[in-house]
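Lettered A, B and C in written order, each chain numbered from 1.
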Amino acid sequence: MTPEGMLLNGLAVITTGLIVGAIFSLVAAGVTIMYGTIWFPNASNGQFFILAALLMWSLVANWGLSPFLAAVVVIAGSIPFSLILEKFLVRPFYNVPNRNIVYFIMTLGLAQIFAGAFTCTYGRWSDQYSLPATWPGVIMLGPFPFPRTRLLVLLIALILLAGLFAFLRLHRIGRALRAVFQNREAAILRGVDVRRIYRFSFVLAMLIITTGGVLFALAYAFDLTMAWNMAIIAFAIMIVGGPGSVLGSVVIGMIFGFTQAAVSLFASPTLAAFSYLIVMLIILLVKPSGLFAR
Amino acid sequence: MTKVLDARGLNKSFGGVWALKDLSVDQAPGETLGMIGPNGSGKTTFINAVTGHLALDGGEVFLDGKTITGRKPHVIAQAGLIRTYQAVRVYAQLPVSENLRVAGLPHFRRLGFSDPLDGAEDLLVKLSLKEKTEAVAGSLTLFEQRRLELAMRLISRPKLIMLDEPVGGLNPGEIREMIQLLKGLRAECGLFVIEHTMKVIMELADRVVVLVSGEMIANGAPAAILQDANVIRQYLGAVRATSR
Amino acid sequence: MAYRRAALVGLVILALALPFLFSASRFYAFILGVTYLYILWSSGMNLLSGFTGLMPLMYAGLAGVGAYTTVNLVMKFGVSFWLAMPAGALAAALVGVVLGLPSLRLRGFYFTLSGLVIQTALTMLFVYIPQFTGGDTGISQIPPPLISLPGDRSFPLAGVWLEEALAVAALLTVYVVHRVTQSTLGKYLVAIREDDLLTEALGIGVTRYRVLAFFISSLFAGVGGAFYAHYVGFVSPRSFDVLTSLNIWLIVGFGGQGTILGPIVGAVILAPIPYLMQEFYLYKDIVYGSLIVFTTIFLPRGVYGSLLFHRRTRTSARGKSEAARS
């Protein structure tokens, strides 16, 4: 391979790794927040991710809405949706002893429902979905053409991640969330209204996952199989990074993103998925609390 | 005379915090040993470590002269060292008779019996649980559940039972009864009792060990312990600190 | 009690007779055969999920191991099905123990998650070793099991006879699982499910009995896989993926975990559904997914389990009020 070829490949891996990593981190952060605070392992996170992407496709590619407006509609729409889910699926089980298993199985069923629904609807219309470029044209990074839309998506994703961090560390509610992560009983003693925090965490997590789907739809073409893959990846990131640790989700998310980009280029995406599974299994068996555990 | 329990130089840390510091405790056969100490001093950690529920960072444990260091909890239970939990634990969904059957199954052959429930009836009578034999364990009162816990340990004819706060949650009348019950068991097996209430320890224990921050600060007859200035200062001081 | 024994004998006779009663229509006979298969599978899973309290999401993957092993032995090496099937079951059991053993130390949700991971990895593996599995295209035209007759002839166990064999296999599985639950092992498994910490403290080696339950359960997964392959005649990695594990769990959970008849009730109600709703096949996932959600929220004891529970509480309430009156 020529030096220029290697440079092109390298830049492709880096840029793809950054974007994919950022989106992985967002989704994984959502999953880890849900599990860390409510003990809600959401096996249907991948379906919600794809739902957001599919809705973006419908609104932008089919109805011709501006991507910005569509994004606002989808993300804002996730709030009432999450509140309904929270009321009927999450709240009834707050005090059940093994609720994480119940939630896990329930969300697996939910994922099956969504997967079936998608196949019946979207699946009949198209195999792959892509949106027209939001910001047409490319920026040249040396010899490498970097689509402007993807640069935009990357910047937004990074800003959101930074914002999430700031929120959890600085804002009153964010700090209450972290208190509940760490020790539910202590948080109750300190006067934190745990039920409100549960509701808030759920909606926040869904917001983040939805945003991840929206951003992904803007940047890349996608298909329905991504849903299960995303779910596995998100869980793998959560487990390896440490359940409840947003920092862990971001660091491991970025690493997985780069791995995905690199392995997809030189081998196959399935091999990348395989490697996540192996890493997740190893961590589960050796250090279940994850690498960034408190 | 071989000590029934001999724990030497136990060390256990949790991420840099030492819960047990070079702790040595022993118990002679026929002696009821008590352990007191403020919250977080390591009492439950001690039981966990000795019965194999927690891996030690250092030290050895011998039961009746034979080493049990590093063995799994079920092996140690079969060797004759069995424990109860601070919060009462029984199989709430199963009837009392099934609770006892499960408790007896791992041991009855070793003990030379033909049925896991051999001797269970006498135990139930002695512990005033005979009428509740078919009742679901979860429907029993707390005191009855505590007695069931005892029955489930006694059915294995242990050499030593380690009791973690056996009167927790009981009212004064029940505490009195429990103390009498435990006194009556002394002939059958060794008793190691962790307690908060001085009164219980005073009546039950032949000797008391005082644990503060993972270290033994006193060791002697209950009456002497109460007078010990060191104990008063460290125990009460530590009690004040942990209750803040 | 004689009434109960008579009912059981009646059920057994019915199970053995049904294949002949249905033999006129291949369509309904096939549904019957598949139902027997799911009775076998779900009873095997019940040992782990209902009696031991572990959710084995890799069950379908293990069934796949059993299926592919048996099919390869029969089609590539000419081994008789009756030898290949136990070999496949053993392979499934060994793979299950090797993969499951490390994760048996994990509590609750983590064990379920690792099961999901292993299942996904197994499905990927099936796709990526086409020399054994035919990859995504799968293996087709799998012959029915042969019974060798004297004089070098063989009798293919097809059609009504294969359904009969499935009925026998299902009945045997239910019987074996029943005996296990009555045994010491069964009592230990229930104790482990109820409170594993207490059980260990009482002198019962929790891990070793979990492994044993896992081994037995995986054996049945493999047996079912072998029969599935030679009954349906076609297997692919999709036949043994996570959705299959979930569907088998649904049958157990919907019928009644931890009971012997529960999986049978569940299989009888649920297994025929995708075949009876042929035109609505597309909606199968929605239906199953909804049933899973419904079962976890409203029917945690399952249909049969809830019946048992209400009967028990009614008799004990009646007993109490009678005692109060006397």
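Quick note on the criterion: contacts are C-beta pairs under 8 Å (C-beta built on N, C-alpha and C of every residue); 3 or more make two chains touch, one makes a residue touch a chain.
Note that this is a predicted model, so its numbers are computed, not measured.
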item: If a chain touches chain B and chain C alike, it appears here; value: none
item: Innermost chain, where centres are averages of C-alpha coordinates; value: C
item: Separation of chain B from chain C, taking each centre as the mean of its C-alpha atoms, in whole Å; value: 43
item: Centre-of-Cα separation between chain B and chain A, whole angstrom; value: 48
item: Euclidean distance of C-alpha centroids - chain A vs chain C, Å; value: 34
item: Complex contact set, residues of chain C against chain A; value: 55, 102-103, 105-106, 108-110, 112-114, 116-118, 120-121, 124, 127-128, 243, 246, 249-250, 253, 282-293, 295-297, 300
item: Sites on chain B touched by chain C in the complex; value: 51, 53, 72-75, 77-78, 82-83, 85, 89-94, 98, 101-103, 105-107, 152, 156
item: Contact set on chain C toward chain B in their complex; value: 184, 187-188, 190-191, 194-195, 197-206
item: Contact set on chain A toward chain C in their complex; value: 41, 43, 89, 92, 98, 100-102, 104-106, 108-117, 119-120, 232, 235-236, 239, 270, 273-274, 277-278, 280-281, 284-285, 288
